[in-house]
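First the structure, which I've put down as structure tokens, then a few questions once you've had a look.
Chain IDs A, B, C and D follow the sequence of writing; residue 1 opens each chain.
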Amino acid sequence: MDAIILQILNGLDKGSAYALIALGLTLIFGTLGVVNFAHGALFMIGAFCAVTLSRILTLSHVVVDSTKTDFLGRPLEVQVPYVYDIFGEATGAAIIDWAVPLSILFAIPVMLMVGVAMERGLIKYFYKRPHADQILVTFGLAIVLQEIIKYFYGANPIPTPAPSAFTGSFDFGAILGFDPNTIIYPYWRLVYFAFAAVIIGAVFAFLQFTTFGMVVRAGMADRETVGLLGINIDRRFTIMFGLAAAVAGLAGVMYTPINSPNYHMGMDFLVLSFVVVVVGGMGSLPGAVLAGFLLGILESFASMREVIDLIPGINQVIIYLVAIVILLTRPRGLLGRKGVMED
Amino acid sequence: MRILEVKDVNKRFGGLKALSEVNLSVEENTVHAIIGPNGAGKSTLLNCLVGKLIPDTGSVMFHGQSVLGRAPHEINQMGISRVFQTPEIFGDLTVMENMMIPCFAKRDGAFELNAISSVSSQKDIIERAEHVLEDMKMIDKRHMVASAMSRGDKRRLEIGMCLSQEPRLLLLDEPTAGMARADTNNTIDLLKEIKSKRDITIVIIEHDMHVVFSLAERITVLAQGTPLVEDTPENIKGHPKVREAYLGESSGH
Amino acid sequence: MSKTNLTRRGLLRSGAVAGAGVALPTIFTGSSVAAFTNEPTGSTVTLGFNVPQTGPYADEGADELRAYELAVEHLNGGGDGGMMNTFSSKALNGSGILGKKVQYVTGDTQTKSDAARASAKSMIEKDGAVMITGGSSSGVAVAVQALCQEAGVIFMAGLTHSNDTTGKDKRANGFRHFFNSYMSGAALAPILAKNYGTDRKAYHLTADYNWGYTTEEAIRNSTEAMGWETVAAVKTPLTQTDFSSYIAPVLQSGADVLVLNHYGGNMVNSLTNAVQFGLREKVVNGKNFEIVVPLYSRLMAKGAGANVKGIYGSTNWHWSLQDEGTKAFVKSFGTKYGFPPSQAAHTCYAQALLYADAVQRAGSFNPCAVAEALEGFEFDGMGNGKTLYRAEDHQCFKDVLVVRGKENPTSEFDLLEIVEITPVEQVTYDASIFGGQLGTCNPGA
Amino acid sequence: MFGLDKKDTMLLLLVAALTALAPFLLNPFPEGSAMAQFNAGYPDLMQRFVIFGIFAIGFNILFGLTGYLSFGHAAFLGVGSYAAVWMFKLLSMNVLPAIVLAVVMSGIFALLIGYVSLRRSGIYFSILTLAFAQMMFALAYSVLTPITGGETGLQLALDDPRILDGAVAANGNIPVPGLFGMEMRDSVQLELGAWVFTFNFGYYFSALVMLISFYIAIRIFRSPFGMMLRAIKANQQRLNYTGLNTRPYTLAAFVISGMYAGLAGALMASMDPLAGAERMFWTASGEVVLMTILGGVGTLIGPILGAGAIKYMENIISKINSDILHSWFAFLPDGLEDLLVTLVYPFIGKGWHLTLGIIFMLVVIFLPGGLVEGGQRIARLFKSKKTDRSAPKPQIEPGE
């Protein structure tokens, strides 16, 4: 029982990452009709916003500590961050410690700009082109973006820890009456889950309750008609692209403490996020969120050793197996609409 | 002899009752029109005839055989061809290729793995396709890519493709929708010519009363998913129920 | 048609100068001219450095390449000579190999066996490389080793830790300086028993591919021999990035040690996740919960950051060793590049020198002569103390390091501290236990 | 000739001539010169050109004609490779039985996967094929290790049975794949002045297989079956209402292209008897999509060009290192040399992915019809000087 509760928790957390990425992907697909293979790269750029900010915060000058030596026997050069000088050591250390949450503020404008630049500079020329062309050009862009990141940051993962206040884990088991240590969950992952819930809720509220969102939703349903009403749908779609990029980027920022970011983390998520979107139904926002959580939970269950012992290799294939079963039983995914992306 | 027999057909979409207790019979070698206001269920009925939709209840018999549960290509092979509201042709292919495909379907059936012989060696198919193109007065356009033609020519090509299969029943779904008056008249002439040249039954769904009264021998009026009346054009013109339900609204034509 | 095995472009490159301008075609028949694949006849010899330049191990590959460049410099008499000065064999004299200047070509393995073989083939066929070396995974090492066997060139493996490389998949033309899973287990177990006691329950997470299997087996066998119990062993997919669903059930199982048989990105992520779950603050069965990482590398430690603190693992070599060979190598590498070398760099540098030395001693580039010179070769001064290149399986036997993540690192390179230098006797095993056949050396032509 | 019209015959002969002369054409630079780095006329790469050419030709039969974008085609390549290596291990080092088994096995897999996946179209089809391939990759890499060799790949061993050949070659090594006594790695070299040309038996064998595959592909393109496939891409609905059952057509195309992939896989294993699971990974499937689009979708020769272009970059650009760059620009003054090297360096060697990404983007943006369209534009540029300039934009027809 406790094992199952634990894996549901796990699944929700994994699912929230999938859902966040799939949400942005669906926003772009639903509004612009563009299959964006560079979406994973946006996630990755978001994560590197966090890396960049923590690098900026730890910009240092060198103080020579003659009591110690480095590997060649020379006096040790100790890096002292400028923030220590500005705010004093205690406050400075706290600022550096909180680099990841602070990066949210840094990432939002950056990602909006990246998104808008991408849409204006490249994507808008591809609205009328076949999906295969969109896939290829965005795939090329994804490669270029990740190679640029690799050029500057290297291929090795870069540790980007959560604030020390969030290290350790919370013991749910104790509350629910199980033995201690049976259902524990890291604080930061709980933060991630809550954060994802807030972002997903905000996106839905934005689309549901603002005029802007209403127009966009109408545009998703029938672009031509909305265009005929004399509404400048293109500008709104540009903003939507920026928004989707920001959602992906924030998902990336908050993900950095969970897994140290590296330049190919976007590609690692790309296939998976497409599976999530398609299982949810192309163009359906609730579908993307639902499928994200569903696949997250199923993946967690499949990784239990009781399950693996029963069906060897199930943890390797569960996502794809579920995708196949769902697509064969529900032709357009969980909540997909007819006629979308079928030709 | 009755070629098409629709009995007690019902079709629901969720809460919406699209067809209710539809009965229709079409005599062989006649032109039968189905008219009715928007949302009357004309297209739904047509889709039930060609296998795109399956009625909830009722039967559709073609030449004494049920079409229900058969796939569109099987129904076509039985002898029913369909012309769509917006011309459905193979846009990327040339006019000649467009015309050859139904000829292959007629000769080889629903599937034939004819992967090694070349198209240009299929003399009988080429001959047949050219013959139909000549018939349709399109032979000079045979090397054109189909999507580059005017809408009228596309319609003409589509009808020609259907005729090349020598169907026993030709279904036309608003063949003149969106056409200019001249094109409409051309289409009427074309259909008249087709009818005069061969034995064929035509069922036509049409909004344009001019087309209907120029062509139809029998007319069924559909309203709210149910047949209101079926009669000759003359009688339909004067029928009070029809005027009330339909013609009164669209007399502006 | 006459038969040649692959080509001998190295020969042709120099021969071409003599034949230039002659319009008459000359058809080369390999066996009549060259005794072995890519026999160098000019004033230079070409070595092929096949390292990952793209993909997740690119940084490791870059470090390997730095080491090779340094080795080439030293072989040709440049720089301060590095470990050539401390190496017990004095055959090398800084004038290249057998008087031929050393040149090199590079290829990208992409850490994929197909791509690695393609780039190795191109170096052999196109560039006339007489020896291939490098790589940072066992899959690549085994694949390229088999290729070199077929082509008739020597393969000096880079970083490869699976038992298979010199076990089940060993080849007569292939040589490994790096240690393996068995040695990790044999070296780690006593230290673990000493620090964590003999009454422990271990939970293994294992990368679901060959290297993971052999590592899990090695650690299980050696820890169980010390009295540990293995509670469970769960295989994780290579492509996994988030290990939370594998780590969450660990505490429920009653285990008090978690062994992460992961490498590279897998290890960085699983360790980070495990620390996140607060496993190390837990007390289970009255003991502190512990995590063990059988194979450490500095780049992985760097990726995992503070999470490695206090965690035990094994490593082939570390720059903080105090023997003369290490000090000489660290000095020349550090002077040239500004930071200390990784263990991958060390192994690659050593392999390049060992190959050159063997050629020099054999007096020939012929792979069979080189192999003979390497087989049973005992040496010292290459950073791991006395070392033996065992003849039966072409595996090096030397001391193995047990290391621990450092609590207070002074720089981003100072992440591990040496806990124990396990003597070579303790990690030596019988050559036959892993099966496989060495075959006979293949000189190509 | 060969039942082809004049234009197609010319195309076939052109491809035949290019492949026959490839050892010359791909080695335009003399040995030892600075440009020799760009020579591609060595056996391994030439083999790869034609083998991936086969793969792409087959993929184009599915994607180019029917428009069904399979994102899991590399799985069939993998199946073919595994089948071939098993045949080498168990039966004989002769490549023919290996090729036959590989084509049959990949055909069976394609039939099963195609039957299920073709129940959906559009991106749903793509995701289904992707899912199948990823499952096959994941299983081959892990739990199927006894059958596939897992991480290290499936390879030959000295103690394999090899029922027909006996165990070990004369020199005590594992025998190599061959064809009735000719070994695939046999080569003859020709030295002409400063130039060296290598003629490899394996390459010519693969090239012959590719020519046959190409010929069959032309026949399929020109056949009624090919026309039906193009009709499926153009308007599936109309085809249904014309009395044609599209499912068996798409399935046949899927199986044929799967068999092409299996053939390519078998040839890869024949040239280099090792089969790794990575060749089934989704990026490998993506690669063949890129090859086809880069060359020109739906054209006959495009996929071959695309395959060549990508393999050239992977194998040539990736091998240029900073040393070589310095030697190129050595004639320049030091500062300028360093500057140029710094500018070029990110794009070569380990940066070859960056170059690849940029080229994809440029081709897709400016040449939607791929390299073939590029060729057409250049050809038109020359023609337009003679004829009038307002010629209508030609449709990209198969066979151009």
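Here, a residue touches a chain if its C-beta (ideal position, glycine included) is under 8 Å from a C-beta of that chain, and two chains touch if they have at least 3 such contacts.
As the structure is a prediction and not an experimental result, all values here were calculated from the model.
With centres computed from Cα atoms alone, the innermost chain of the structure is D.
Taking the mean of C-alpha positions as each chain's centre, the chain lying farthest from the centre of chain D is B.
If you average the CA atoms of chain B and of chain C, the two centres end up 73 Å from each other. Separating the CA-averaged centres of chain A and chain D is a span of 34 Å.
For the pair chain B and chain D, the distance between C-alpha centroids works out to 46 Å. Centre to centre, using the average C-alpha position, chain A and chain B are separated by 51 Å. Residue numbers of chain B whose C-beta contacts span two or more other chains: none are found.
Multi-chain contact residues of chain C (touching two or more other chains) are listed as 58, 208, 235, 237, 239. In chain A, the residues that reach two or more other chains under the touch definition are 316. Looking at which chains touch one another, you get A-C, A-D, B-D, C-D. Residues 30-32, 39, 42-45, 48, 138, 141-143, 145, 150-153, 155-159, 171-174, 176, 182-183, 185-194, 196, 198, 201, 272, 274, 276, 278-279, 314-315, 318-319, 321, 323, 349-350, 352-353 of chain D are the ones that touch chain C when the two sit in their complex. Taken in their complex, chain C has these residues touching chain A: 55-60, 208, 232, 234-237, 239, 241-242, 244-246, 248-249, 251-252, 265, 268-269, 272-273, 276-278, 281-282, 284, 299, 302-307, 319-320, 330-331, 334-335, 339-340, 410-411, 413-414.
Of all residues in chain C, those touching chain D in their complex are 1-7, 9, 12-13, 15-17, 19-23, 25-29, 53-54, 58, 61-62, 104-108, 112-115, 117-119, 121-123, 125-126, 137-139, 142-143, 146-147, 149-150, 162, 164, 169, 208-211, 213, 235, 237-239, 436-437, 439-440, 442.
Contact residues of chain A toward chain D in the complex are 35, 122, 125, 129, 131-133, 135-137, 139-144, 147-148, 151, 271, 274-275, 278, 282, 312-313, 316-317, 319-321, 323-324, 327-328, 331-333, 341-343.
Interface of chain A with chain C (complex): residues 2-3, 6-7, 9-11, 13-14, 17, 68, 70-72, 76, 78, 150, 154-159, 161-162, 167-169, 181-182, 184-186, 188-189, 257-260, 262, 264-265, 268-269, 299-300, 303-305, 308, 315-316.
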